[in-house]
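Reviewing the structure listed below.
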């Protein structure tokens, strides 16, 4: 293990990505509000991409970098937006139907029998 | 390696601060705002890492569109609350977290969350430190075959040639996100217009902006699309700008938002992936493989694909923000 | 052709089963026809093979499921013992069931599963390897369940669950035993044992215990028997199937296979497992008879009698001497013939005169002489009196016990015969020598003649067969005794 | 040279079509709208033909590979089909055809008054999306491409859960979505680390380069954790039952039968093809223990459900558990066993036969809901009389769940069990036996009710079309047939399998 590599530019952003992931995971577990959960997932996503980008930067530091990870990250960002849009709409609908903006603490029978809309 | 030795550490520090804020701050609205700032700072980080394409995408989509989506979600939730009589102001209002109905996790969960997230972060830091020192990568390979793709921007070459298959699936993912959003329409409203209404008074700032910005935006969009072959830019960035322009025009009341069942809208949705697929299939006879481009016409094909994609991306992104149909079909 | 015959025999039951499932409920005649054609077609095929095996022909069909897991049908003399019994009784039981269930509900389901049961039994008889045996054994378990629960009332459902709880637990033990054994020595085929003796003796003892324990559930060995009396709520043809044609026989047959063809008699003796098995069987013989004594329901008494009688087969197997083996094997046939008659008659009594309990049979010998004559012949045979078949079995078991040096078995046999007499003779006495007390009810409208024929003639046929097996026991080799002797002298002789 | 890209034969050219076909289907259905009625069925049939053709080419010619666009790895993306991919592809196609026929009775793009129906239209492109995601996952040899395919799968699958517009399903769908997204991100994170270490994401190239070191272990652990969450493996399993139990029957069938298998498939690929040297006894045991816990807890929870669809959903949790027993058991055979790769093949076989059985069970439950108006187990008396084909199918599929012959489930269990016993690993065998008995308890709990005679004859509230019942029966019969003719799928499975499938881990 080389601790020195953490103090280079890519190392720094890699660590930032790692920490952002940690913060996101924490928020995802702890924060009940669904919008905040969506934010948390997106933060994990950003952290993953940043870490990936930092990794790519090591291969070819400076402008340009390794274009393969860059392309993948662009794809990843678009995919993350897609998921966010779906999650946000689901949250919105849940709030309208039930008045809740959080998931019930334990998964439950979706009670499809009684609440047919 | 840089003229601003403190710039990177400072940027990282601010990024992490906004990240913590987005998780820790009291109201949901503030959390969304923190996240948008976080996204914009990330875009700067991407510039620092030399990934201008990523920076553009992150700013436009990661921070911009995601932010708009989340803000509008918070606003609409507040509106539901208000409709129910829970007196909550729409945009500025502090949506408390947890809302009265939402339970907080217990202490055990919280400590578990801390341990888990710390462990993940620590493992990742270790993993970063463990990365090998002559770092492997594909820079040389990408460059050596760039001429066969007809484009000059390496990222575009990866996106539309080397790994075009990823991008094909990606646009399909985007399309399915829209179908997912639409699937949450109430049955009676199916076939109606998406939820976005024009909010602007005819003489307001919004309407003014709505008239002023679209032509400029359109120009920027087309430029981004065109430049993609040479420099950072391309279908996704262009599509985002066009979508923003379109939304603005809709909100200003300049153009009506189309019904989800309209055939032209449907065609606009599928034209990008359809062109992509068709050119991909043409690759069998032309170049012996799915998505194979003969070098002589590779550039034309890629521009065709990008043109189709830009239309579909703009339409899909715009409709994603607009949300599920809320108007009854007339 | 030698490979096709086993498949053909299997399909005579399997094809009708599948066809019947898809017949509409109202297609009574078609259903009966399909069933009977299958049953009738099976007999000449079995006859053909019987002749062939007697002449030393081999019938084998092998089909690899996955490497090391062969589906193997192989017909040897032992297979035929069981095969011919089930083929013969299937025809008669079908005739009986068609009469018994006239106008009942869910007939397509019933006869479909009925044929499936017989198909499973056929498969069990013809299995050439442990895994093939298990395959059909499970098919039997599952296809019997809907028959036990057929009526759909609370009692039937409960006894169905009871049956399943026991048999599925038994199958689990059996499968564990099989898997363990094959984990040690690879795939096990019957009558081709070489490697098994090399395994660790204690492991082998455990495996034996698991297998015999698992099979013992169906064979109703004490203390695994309680499902059998509970299952008598099922319609009488099902009882016939459980007690005589298929289920308990499959258990007993499986134990015979495990002792003879998986472990081999020599190894079982070396491991010291034969005598304990015989002891458990002996205990079950006495226990079953004692319990039968204080049952007042006819079918329950018969059920406990089965618990006792099936263990004769296992007793003969455990004693492991040639004569005792013959006695055990021949009892597989004899008990089947006699017990099926008794259940046919009990069902006929219930259908005709609503007689269910022993107190109610007073004087019915004059009302239903043919039925009760058949009943009496077989009851006498169960006790072990000559000239009915049961005597032959007990004689061979007794001499076999002396030969094996296990004199105590004679006391078991004698005690059991006394007990059998104690619970059968009162029924016969009441039937023939007591005046009718009017406890039974004449049907308001006389039963249709076809139904009466359908209920009585199978009983007569099996009673005659029981008598013939006793009288013509010496006819070689196609009497049951002759065939059992052939099996032991040819395949398992010293 | 990019000229030679058809690969060794026509088979390679077919690979991309397995993804193109469903994507094209979705693109076609959307603009067609209410006129799209017949399109999905034609596509499903075409898909079955295509999957058969690919399997055939794998069968005769061995592993197929195709570099997309003629760009070889590591620059481009390579598609690869070995026996395992072919079997999964075929399973998917064979499940989709009857599910499509079943769903046609429920999802019509055109409403009675001639307008376009929301659920009736959207169901079909969403199915196409799931299909494309599955095929994409099964065929891709590139870790990032698999990520995109997995996301496609998720984004098409989640809306299916809420398609009927019932409020109760929204929370279930959200929970599903959040788990799935976090899972893919963890997976992606592992892939990023691998790229940083080895400069490629191509599975074949990576397999040569991966070494047994800490960074590979971190990557593998992250990817596995993410995929376990997506597979609903204990202890990340509780999102599944409400989502699968609340979705429309046809969607539940696809989700339980196929979608969770995609991430399981990747776990198998990762450990057996990519990291075989990395998994030590402890790791394999941990995966096995998760499986064991899933078997026991899933079965017990299934027993306690009052509604049939939830019972079936919880049984999925239990059945998924068996799949993970292949890790501790891999390579456990001894000289005495003539079968190679016993545990590995057993696990895959279990996944396949469970797919058919579970699809049949969910569709059957859907028919019960349609026919008698509910799926409360306590009130199923008389169902065997009114809907005999459905109850028969339930019993036949139940065989696979219980692991009783004749069924694919039995063959699978047999392979796993003999391996466990051969290597003296009793504990796993005991868990499998216990799971089988518990499954028998919940299966017969339902059958007992259905067989019972009701006080009043059961009347159907709505007639059930014959073709829908036949679809249910067909799936059940396939799960049984897998136990009677397993030789061909078994041999197909072995094509291109790595050494680790036979010898296990280090």
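Every chain is named by a letter (A, B, C and D) in the order it is written, and numbering of its residues begins at 1.
Everything that follows uses one rule, which is that a residue touches a chain if its C-beta (ideal position, glycine included) is under 8 Å from a C-beta of that chain, and two chains touch if they have at least 3 such contacts.
Since the structure is predicted, the reported quantities are computational estimates derived from the model, not experimental observations.
Of the two chain pairs examined here, A-B and B-D, the one linked by more C-beta pairs in contact is A-B. Every chain gets a centre from its CA atoms, and the centre nearest the mean of all protein CA atoms is that of D.
Chain A and chain B have Cα centroids separated by 13 Å. Distance between chain B and chain C, defined via averaged C-alpha coordinates, is recorded as 73 Å.
The mean-CA centres of chain A and chain C are about 66 angstrom from one another, to the nearest whole unit. If you average the Cα atoms of chain B and of chain D, the two centres end up 31 Å apart.
Along chain B, residues 124, 126-127, 130-131, 135-138, 142, 162-163, 166, 170, 173, 176-177, 180, 184, 186 each make contact with two or more other chains. Shown for chain A are the residues in touch with two or more other chains, namely 1, 21, 25, 51, 55-56, 58-59, 68, 72, 75, 79, 82-83, 86, 90-91, 93, 100, 117. In chain D, the positions touching at least two other chains are 75, 144, 148, 151, 155, 158-159, 162, 165, 189, 193, 196, 199, 214.
Going by the touch rule set out above, the chain pairs that meet are A-B, A-D, B-D, C-D. Chain B meets chain A in the complex at residues 1-2, 8-9, 12, 15-16, 19-20, 22-23, 28, 31-32, 35, 38-39, 42, 45-46, 48-54, 57-58, 61-62, 65-66, 69-70, 73-74, 76-77, 80-81, 84, 95, 97-99, 101-105, 109-110, 112-114, 116-118, 120-121, 124-131, 133, 135-139, 142, 154-155, 157-159, 162-163, 166-167, 170, 173-174, 176-178, 180-181, 184, 186, 236, 317, 320-321, 323-324. Considering their complex, residues 334, 336-340, 345, 384-385, 388, 392, 395, 399, 404-406, 411, 414-415, 417-423, 429, 433, 436-437, 440, 444, 448, 451-453, 483-487, 490 of chain D touch chain C. By the touch rule above, chain B contacts chain D in their complex via residues 123-124, 126-127, 130-132, 135-138, 141-142, 145, 148, 161-166, 168-170, 172-173, 175-177, 179-180, 182-187, 190-191, 261, 263, 266-267, 269-270, 273-274, 277, 280-281, 283-284, 287-293. Of all the residues in chain A, the ones that touch chain D in their complex are 1, 21, 25, 28, 34, 37, 41, 44-45, 48, 51-52, 55-56, 58-59, 68-69, 72, 75-76, 79, 82-83, 86-87, 90-91, 93-94, 97-98, 100, 103-104, 106-117.
Looking at the complex, you find that chain A touches chain B at residues 1-3, 5-6, 8-27, 29-33, 35-36, 38-40, 42-43, 46, 49-51, 53-68, 70-75, 77-86, 88-93, 95-96, 99-102, 105, 117.
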